[in-house]
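Same chain, two partners: chain A is paired with chain B first, then with chain C.
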Partner chain A sequence: MKGNEALAEAAIQAGCRHFFGYPITPQTELAAYMSKRMPKIGGTYLQAESEIAAINMVLGAASAGVRAMTSSSSPGISLKGEGISYIAGSDLPALIINVQRGGPGLGGIQPSQADYWQATKALGHGDFQILVFAPSTVQEMVDLVSDAFDLADTYRMPAMILADGMLGQMMEPVEIRSNEHKKPIEKPWATTGHQNKRVHNVVNSLYLQPKDLERLVRERFARYEVIKQKEQRAEEYLTEDADLVLVAYGASSRVARSAVNKAREQGFKVGLVRPITLWPFPTDVLQKNAKTAKGFLCVEMSMGQMVDDVRLAVNGAVPVDFYGRTGGMIPSPAEILTKMKEILGGAQ
Partner chain B sequence: MAIVFDRPHALTEVPFHYCPGCTHGIVHRLVAEVLDELGVEGRTVGVAPVGCAVMNYDYFSCDMVEAPHGRAPAVATGLKRALPENVIFTYQGDGDLAAIGTAETVHAATRGENITVIFINNAIYGMTGGQMAPTSLPGQVTQTTPYGRDVNTAGYPVRVCELLSTLDGVALAQRVAVDCVKNVVTAKKAIKKAFQNQIDGKGFSIVEVLSTCPTNWGLTPAEAMQWLRDNMMPYYPLGVYKDSVKGARIRGEE
Partner chain C sequence: MPEFGNFIIVCGHYGCGKTNFSMNLAVRLTEEGRKVTMVDLDLVNPYFRTSDYAPVLEKKGIRLVAPVFAHSNLDLPAMPAEIETVFSIRDGTVIIDVGGDDAGATALGRYAGRIREMEGVQMLYLINRYRALTKSPEEAAALLREIETACRLKATGVVNNSHLQNNTTAQDVEASMDFARRTAELLSLPLVLTTAPRRLQEELSAKIPDLFPVDRYVTPPWEVMG
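Right, the complex of A and B next:
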């Protein structure tokens, strides 16, 4: 199944019946799939007039307590930033999928990982975070869509699948399990009409009294601390005896893994940490590896964004190097191998 | 003793924060009376704008969602698609609806989105302190048109009902005022129809209410009401611009 279509079907199987989107390459197959499926299952597919409208439709549907989502690619995500900030500020769960392409500006349409900073640090104005998941296979995209909806509901916050054009366009076999049998998470705060049985619910992000706003932001950040402790996810590959640990997520982690295999064949002790959650960032596993490894090499399809978080996690314990390609270029295992040898050679 | 006048149930006990002479209070009351009379408060969700009415979520007793500036029709669309049996309305000012939210307004209308829109046109940005609105009149002095709105550089006012009346998705587009008892009665009928249309599944209904802003117009409440009659009514004639008997959006019959 194609990655974009697998994301769509996974969302449906997770109970999502409300999709609001706007066409943009390279995520369009996702919306097209939704337009085919939703009418057959009593759901909503709505092609909005803009990315801005689409994310605000998600805000409205999420206020009503249903599982709602939108998908886009980099330039479109920038437009959604306003709505995502409001969704976060209103403590609403929602799913946003970013099938990244090269930037800035109109950039290109080839795969990229240049929206890491945006996703993890600056999706919109104000003090807030969203959950960010970084799948590396089509199967993992499917599994993470379900988890993203669950955690978004649990913590009442937006979640993002940060994919890229390579994952969106590639075809791999997948197994999609329906998890609609799961007990839905209660949403007593939803604006469904009070039916004269309770006082009115208000979904809102406006607090004109600074002390009220500070208190609410602090409460939200207290929740973020819980998430940082409980929800970090990463995969380790051959790190136990590794002198050099690569750090890569998503598409670039697939290349990095190939490079690690090649290096191992040549006798180099290298491994890979693959962050699966980008927020919360898997700091713990990196700090653990910082005790045994002599250095890290962060590999990204960008000019180096996640490397900031790797350096913060490692906190100067060992050197952190970076190798990246950008603009839609995908690094080859050979390029990464050369970089690894350069580092290891220098360390010896 | 018989109670002859009471607060509508659909209004909370919270006192309005609006300036003396501002017509938001009248329109809030009309909306609330209509919700009471139609018996739909319990299944109504309102969408508040950004502007002077931003805090109307404190005033209406129904469930409320506060939308980003201009995005109320999109938020209402999401609500209505998730809750088709509910009654969904937006309450928006001119900057919200006809400037930053023009796309959301026009496209909710083109889709025949089955929602009710209450549009307050007072020809100025009230909350931010009196800047030019898309509906400010030619020559009108505002904070950002200190020499009067020059149509050569600042363009012409938007006539929202006329614009939307060309769209197939619109069931009702009517402009009213609340400057006198007669017009208040007409305004209430229009608002009631705009909600009844939604209950009947007829599609997008908008009621534009010509409104005052004495504070930012620099007039007394009485002068402001007269200014509205003398200047706004000629440029924005009251009346029904579209009223589709069958409704704009009869699903499954087209």
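Right, the complex of A and C next:
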């Protein structure tokens, strides 16, 4: 399947029946797929009048306890920022998919990873985080959509799949399993109608007393600490004896992996840590590697964003280098290999 | 192997393998001594398109005609004037790689009048049993009707391009034959050929009629060492 279609089908298999979107290259196939599938299975596909409308429809649907989602690409995600902040402030689960393209501004339609800061640090105003997952294959996109819905429900917070145009547009064989047999996560807070049997539920992000708002934000941050301890995910590849450990996520991790294989063929001891969750950031695995590696090389399709979190995790123990391309350009395995040799050569 | 004329149009579902098949066909016909021109008529997909593989074509001596803005950040449905030249080529073969689905085929409709006046045009409909939304013969047949309506041209044959990329096994190809035959039957069209990765050629050639071995040209950037 095409990456974008696989994301859509995975959401359907995870029980999502409410999709609200607005077209933008390079994620449009996701919405197009939903428009064909949702009517056949009794779901709702709605092309809203704008990204802002779409994200607020997600807020409404999520308030009623259903699995709701939207998808877009970089400029569209900026527009959704306000709504995402409201969803986080209302403690609602929802899935947001960002198939990144070049920026800033209207940018371009080729793949990019320049929305890392936005996704992990500043998706909207206010004190909040969302879960951010970074798949690197079409199969992993499918698997993470299901996990993202589950964890969003568990922790009552929005989750994002941070993909990029390359992953969204590429074709790969994929196996999709239905998750609908799973026991749904109870949502006693949902506004489903009290029928005079219980006190009515309120979904809200406005608090008139500062002390109430502070208490709620603190409660939310206590939950974030639990998530940081329990939900970090990363994949390690040939790191055991590695002098230089590459750190890359998503499409660039596949380029990095090719470069690692090539370097190993030439006798260089290099490995790769691939973050799968970007928030919570997999700090633990990097700290572990910082004890054995002589250095890190972060590879991104940006001017260097995740590298900040790598440096925070490594905390000065060893040097952290960076290599990136931006504006829709993709680093090549050969470029990364050259950079690795430059670093390793310097260390000798 | 079926006869190929001098004007071949390749259409089908998004991602069914049109570009990879078109490139294989172009290479094969070039090796047979023909002068081949490939036209990238995909105005709907900014990624994994013929123009991305221009260096491969150039090396093989295949001429490429592509939208001016292909490979750029401009998502603009504009044709190059050069396309006009391909309808009057008398001493070579033209392969037109059309964009996916009816949306992609709409661009072809721009030239329907010219193409209908030509003789011996082959319009091949590529199908892949392992592709979502066209897994049944009925779905595959319905999609061709949409494509034909959009481009105002009729397909002349079906190409069974059922595959799972590098994971394709001989069994996968064999298991797609019923689907391919049934789709062709529903459309009242001949099943022109069946593709398979070249590594499976020996194993399958006795079992599959009109087997067309293909190489993989359409690859993601991490499979290119450069």
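FYI, the second predicted complex is superposed on the first by the 348 of 348 C-alpha atoms of A that agree within 3 Å, B and C clash if a C-alpha of one lies under 4 Å from a C-alpha of the other, contacts with A are read in each partner's own complex, and residues count from 1 in each chain.
Note that in this section a contact is a pair of C-beta atoms (placed from the backbone, for glycine too) under 8 Å apart; a residue touches a chain by one contact, two chains touch by 3 or more.
In this text, all values refer to a predicted model and were calculated from it rather than measured experimentally.
S.K.: After the alignment on chain A, I want to confirm one thing: do chain B and chain C clash, or do they fit together?
M.R.: After superposition on chain A, which the two structures share, chain B sits beside chain C with no clash.
S.K.: Looking at the overlay, what does A:Pro26 touch: chain B (first), chain C (second), both, or neither?
M.R.: Second partner only, chain C.
S.K.: Using the superposed model, determine the angle chain B, chain A, chain C defined by their C-alpha centres, to the nearest 10 degrees.
M.R.: 100
S.K.: Touch check for A:Gly107: first (chain B), second (chain C), both, or neither?
M.R.: After superposing on A, A:Gly107 lies in contact with chain C but is clear of chain B.
S.K.: Quick one: is A:Ser63 in contact with chain B, with chain C, with both, or with neither? Answer first, second, both or neither.
M.R.: The first partner, chain B, only.
S.K.: Between chain B (first) and chain C (second), which, if any, makes contact with A:Met303: first, second, both or neither?
M.R.: neither
S.K.: Once chain A of both complexes is superposed, is A:Ala334 in touch with chain B (first), chain C (second), both, or neither?
M.R.: The second partner, chain C, only.
S.K.: Applying the document's definition of touch, where does A:Lys2 land relative to chain B and chain C: first, second, both, or neither?
M.R.: In the superposed model, A:Lys2 contacts chain C only, not chain B.
S.K.: Does chain B (first) or chain C (second) touch A:Leu312, or do both, or does neither?
M.R.: In the superposition, A:Leu312 touches no partner, neither chain B nor chain C.
S.K.: Can A:Gln169 be said to touch chain B (first), chain C (second), both, or neither?
M.R.: Only chain C; A:Gln169 stays clear of chain B.
S.K.: How far apart, in Å, are the nearest Cα atoms of chain B and chain C after the overlay?
M.R.: Least C-alpha distance after superposition: 24 Å.
S.K.: Name the residues of chain A shared by its contacts with chain B and its contacts with chain C.
M.R.: Looking at chain A, the two contact sets are disjoint.
S.K.: What residues of chain C sit close enough to touch chain A in their complex?
M.R.: 14-15, 45-48, 73, 75, 130-133, 164-165, 167, 220-226
S.K.: Of all residues in chain B, which touch chain A in the complex?
M.R.: Spelled out, the residues of chain B in touch with chain A are 12, 41-45, 47-48, 54-55, 57-58, 60-68, 71, 74-83, 86-87, 103-104, 106-107.
S.K.: Touching residues of chain A toward chain C in the complex: what are they?
M.R.: For this pair, the touching residues of chain A are 1-2, 5, 9, 25-26, 29, 33, 36, 102, 107-111, 165-166, 169-173, 251, 254-255, 257-258, 262, 328, 330, 332-335.
S.K.: Which residues of chain A touch chain B in the complex?
M.R.: Per the stated touch rule, the residues are 18, 20, 44, 46, 48-50, 52-54, 56-66, 68, 82-83, 86, 90, 191-197, 200-206.
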